[in-house]
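What follows are several structures.
Next, two complexes with chain A in common: one pairs it with chain B, the other with chain C.
Then we have the complex of A and B:
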């Protein structure tokens, strides 16, 4: 069977990513990539809801944190990590079902505020109930394997991308985009808008929970409330806007850009690195309102045309 | 006459020969370099230079830097393996006061900068992830302001701190009470703890030790990490007739707490406000109202121990004030590290770790050893300071004190 040209690049990228632990001895680089995959998973999760469905959520830290919390607790209770991570994802779905669905009743600007409230409540509650750090005991640290965490993080990130891609290409995806573009018009043509919004929320929260699970498996020590911090809500929002809202490649590009610049500036610019980091992203948003993906619209790339990524494909990717 | 083809062949041969010589030189050079002394001993420190713990991170950095300067002024640390003194070099990376980055930036220090040993950040929230990370890399770490005992009960082998523990803080408070004449001692203690790991476990130890010494903990209440209103706690204490306070607020909370005590006219005989009152900005924020408040920060620049005068003078000339508590502890960490490296005589991490574990050295914190779990076993960990006329005075232990304890705290109306 002949593989279409447009599939070659993702296959090569995944192949290259899979061989990284074999090619480098730098634990720093491998650790960085694990965090990149966590960012990609979380950003894709946010993108499904915010980018394709137009529901700007500021509550993703609650789903991410819940996934991390349940995964860590299950794993520390000697439950296999894969089951623990799935448990983490499911717990995020339950949280989304209980608290997120009422939020979906809110319209326009009230939805982000409602989800932000959820994130704050979750952080304070966990901080009060579990104020202790969840450091790994020494027997877990002795057996710590970075490569197993790397491949798990990579697999979850690929799964996140594929799930969002599949949803967006499906009938549900068309409905989500229709709701994003004009909810009242979508309702007028018979789309059950609330049902589709719930579907997007539940899938999105599941992916965020899986991302949290990977975080919990990767980190040797953190306070239980750390993954509930609001920065985990702002991060996927920022990376998706930087990369390109409502595109598949956008959150990946945004995550790479965010992580790479953050590290580069932190190691080279001293104490003012956060100021320059923030300024850089203000410039990106100002001059590239469509994110990094909009560069390809400005400059027609011969390669993208040759690979069969025409305008129609780019609108999804 | 050489043909063009021969010329090309000749060039190729020269190139191959050059490459071989280069490779051989490289291999020889590397094997030669393996026995050479390193130019510096590399110390890695992921520290909070920005974010909410930025100020504390800078104090810790100042302490490390003065410590390194003093050691390097004497030529560095003598390592028996290389038969020479080698200067110390510290590599700082900013962790942005983010616990996740506090650990992840150590990945870079370990695998890119190839550091020989780690030093810790400021604040327990940032230090705790660093401890497990150092353990993961089997690289010794010395940390500063870390009161948590729980992390030192996890069986880690490479983590050390000379700093006071939660138990030390509770013991210091009870020791001060016991030092007072029996008929003047406070009899009802109100404990108000911040709802975090430190506040919870400090309260637990206070309860446990107080029961053994027949001191009554009349009130035991917690407040949220973001709490701004303490009036209900203060009114409860007033109604219960509590005459001693022990609380663990953040610096802004501590200032609010005292202001609300004044508004509600509650003045216990003895008031311990940990952490918040450590800060040199205390009298600036509270003026006279900040007087009589005691705190136990784990170190004080008034201690009468060798080396402290040099630290105080150098710090004052560099930064214009006496060293803050984290700076003093950071300086002591450098003293401990230099001593351990010299005794280890090598940069092998396990040997350096063993040398730190067997420390018995005089520092600016007094004589210092380590317990088997890595916590400091120093003589002066239970220091108590008190704000008097806007000055921070060391009042406990008495033989080290710069002033006697001002007791009891007068009512607000008589100040």
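Then we have the complex of A and C:
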């Protein structure tokens, strides 16, 4: 079997990432990387649905939160963490199956609205049932080791990227892209559009649940509702759009940018840094729908500029 | 029970007014302006600012209305007008994303400018209530209901009796056919969008009189979108009854299950409607 040359780049990156806890003593940096891996997992799972299948989901906070909640509860009841995380992922699939599939049945274009509703319902319900912060019991805190969390987060992120890569390269992936580009045409050539959309939803929710599980394993204390907060739906949307919708590298790049800028500006600028993010996001949606990944070929195919700004202004006035 | 219903109806009138702005843009242009709630909150801050200068809250309504109208026009020209030519599903998706970015900007700008504290406008008459048949009717809630009736009648007259209103209805039914008959679709969109944002002025003052914080926008948007879905896309006349319906349902759920599940009830109704009646419950709505 011929190994493509490009394969060495990801292997080097993974190797470098794996050696980080051995090289640095800075806990801050390692914690930051754990969050980066959570972001990458979540963004990549969002990307499978939003980027490759064109279904903009705002319900990922529900899947993420569900994974975090179930993982935490299972883990606290003495179930080994690996099983607990898988349980968290499965619970997200169940949630997606019960409430996500009806959202897919809605009229075209209404999926984001339905999933937004789902995310808010989940957040309020959990906030009402479990209004307390979930702190780890003391025997867990004594045995807390950052590097085990680091390697778990890293492997989940790698797995997430590989799963999305494998799905996208498969027949399913072709179907998903065909549905994104033109659903009616896809149906006309015999693609079972609904089935593939469900597949994308379930895989995506599973990965989001795993991301939530890693979050639950990493954080010492947090409110049970905080992984359900809407910002966990907006985060993958933001990072994927910044990096590049519908590319494997895009969400990774976007997560790195988001986290780096966040760390740089959160302390110096306060709320203003989110204003800058919002502004950047709008600009990317309007002018660079392919994200950072498309900068090189931006000048060949300007998607958003069917009619120039000046011409449209003249037509209005 | 009767008291719960009264508050439900008064809240429902507020929901109806919020939803009117969203319905106008969503029904006519297929734009989903997620930032509508945030614009309402910004309006509430404006009203609070004027109130502190000594202006009566109800007198600030026209000022806020005009300011938001102009702001809406600017937003449309700078951001939303690029989406005019896209097909419906893309329009919803992209306007939602832009609205989300805008929400992020507005909410955090508000937090930066006015801190994250809960605020409210408290004129001297804010506590006054009337007693009728043993029911308490708060003055501010009543005037809110009155304003809502006024608003819906003015909007009705505007849409049904003016030439521009006719153009709006034509564009909402089929914008290509409308442009073939010589209607300037871009201008109709611009003015409808500006009106929709301007309409946020009335609920923003009423919400200001209750209480608000920089991040409250999304909750009010939720109420609005639930009502829009209840009434059916493109069915502007159904919005107000649907608002009352949501208000009453919420009040009943508070009565039955307690106040904690108030928001959930509305959202469950919303998701059920999306699944069972994708075109809304009241009337068929505009075919699209």
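Convention: the second predicted complex is superposed on the first by the 269 of 317 C-alpha atoms of A that agree within 3 Å, B and C clash if a C-alpha of one lies under 4 Å from a C-alpha of the other, contacts with A are read in each partner's own complex, and residues count from 1 in each chain.
Everything below uses one rule, namely that a residue touches a chain if its C-beta (ideal position, glycine included) is under 8 Å from a C-beta of that chain, and two chains touch if they have at least 3 such contacts.
Since we're looking at a predicted model, the values are computed, not measured.
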Looking at chain A, does chain B or chain C touch a larger number of its residues? C
Just checking: does A:124 make contact with chain B only, chain C only, both, or neither of them? Give me first, second, both or neither. both
Quick check on the superposed pair: does A:132 touch chain B, chain C, both, or neither? Answer first, second, both or neither. first
So in the superposed three-chain picture, is A:271 touching just chain B, just chain C, both, or none of them (first/second/both/neither)? both
Just to be sure I read the superposition right, which of the two partners does A:35 touch: chain B = first, chain C = second, or both, or neither? first
Of the partners chain B and chain C, which touch A:285 in the superposed model: first, second, both, neither? second
After superposition on the shared chain, which partner residues are touched by A:222: those of chain B (first), chain C (second), both, or neither? first
For A:234, using the defined touch cut-off, is the partner it touches chain B, chain C, both, or neither? Pick first, second, both or neither. second
Could you list which residues of chain A make contact with chain B in one structure and with chain C in the other? 124, 128, 270-271, 274
As the complex stands, chain A meets chain C at residues 56, 99, 102-103, 105-110, 112-114, 117-118, 120-121, 124-125, 128, 230, 234, 237, 241, 270-272, 274-275, 277-279, 281-282, 285-286, 304-307, 309, 312-313, 315-317
Per the touch rule, the chain C residues reaching chain A in their complex are 30, 32, 77, 79, 81-82, 84-85, 88-89, 91-94, 96-98, 100-105, 107-109, 111-112, 184, 186-187, 190, 218, 222, 225-226, 229, 260-261, 263-264, 267-268, 270-271, 274-275, 278-279
Where on chain A does chain B make contact in their complex? 25-29, 31-32, 35, 124, 127-128, 131-133, 135-139, 141, 144, 219-223, 226, 231, 263, 266-267, 270-271, 273-274
Can you tell me which positions in chain B touch chain A when the two form their complex? 49-50, 93-94, 96, 98-100, 103-105, 107-108, 110-112, 125, 128-129, 131-133, 135-136, 148, 150-151, 154-157, 195-197, 199-200, 224-226
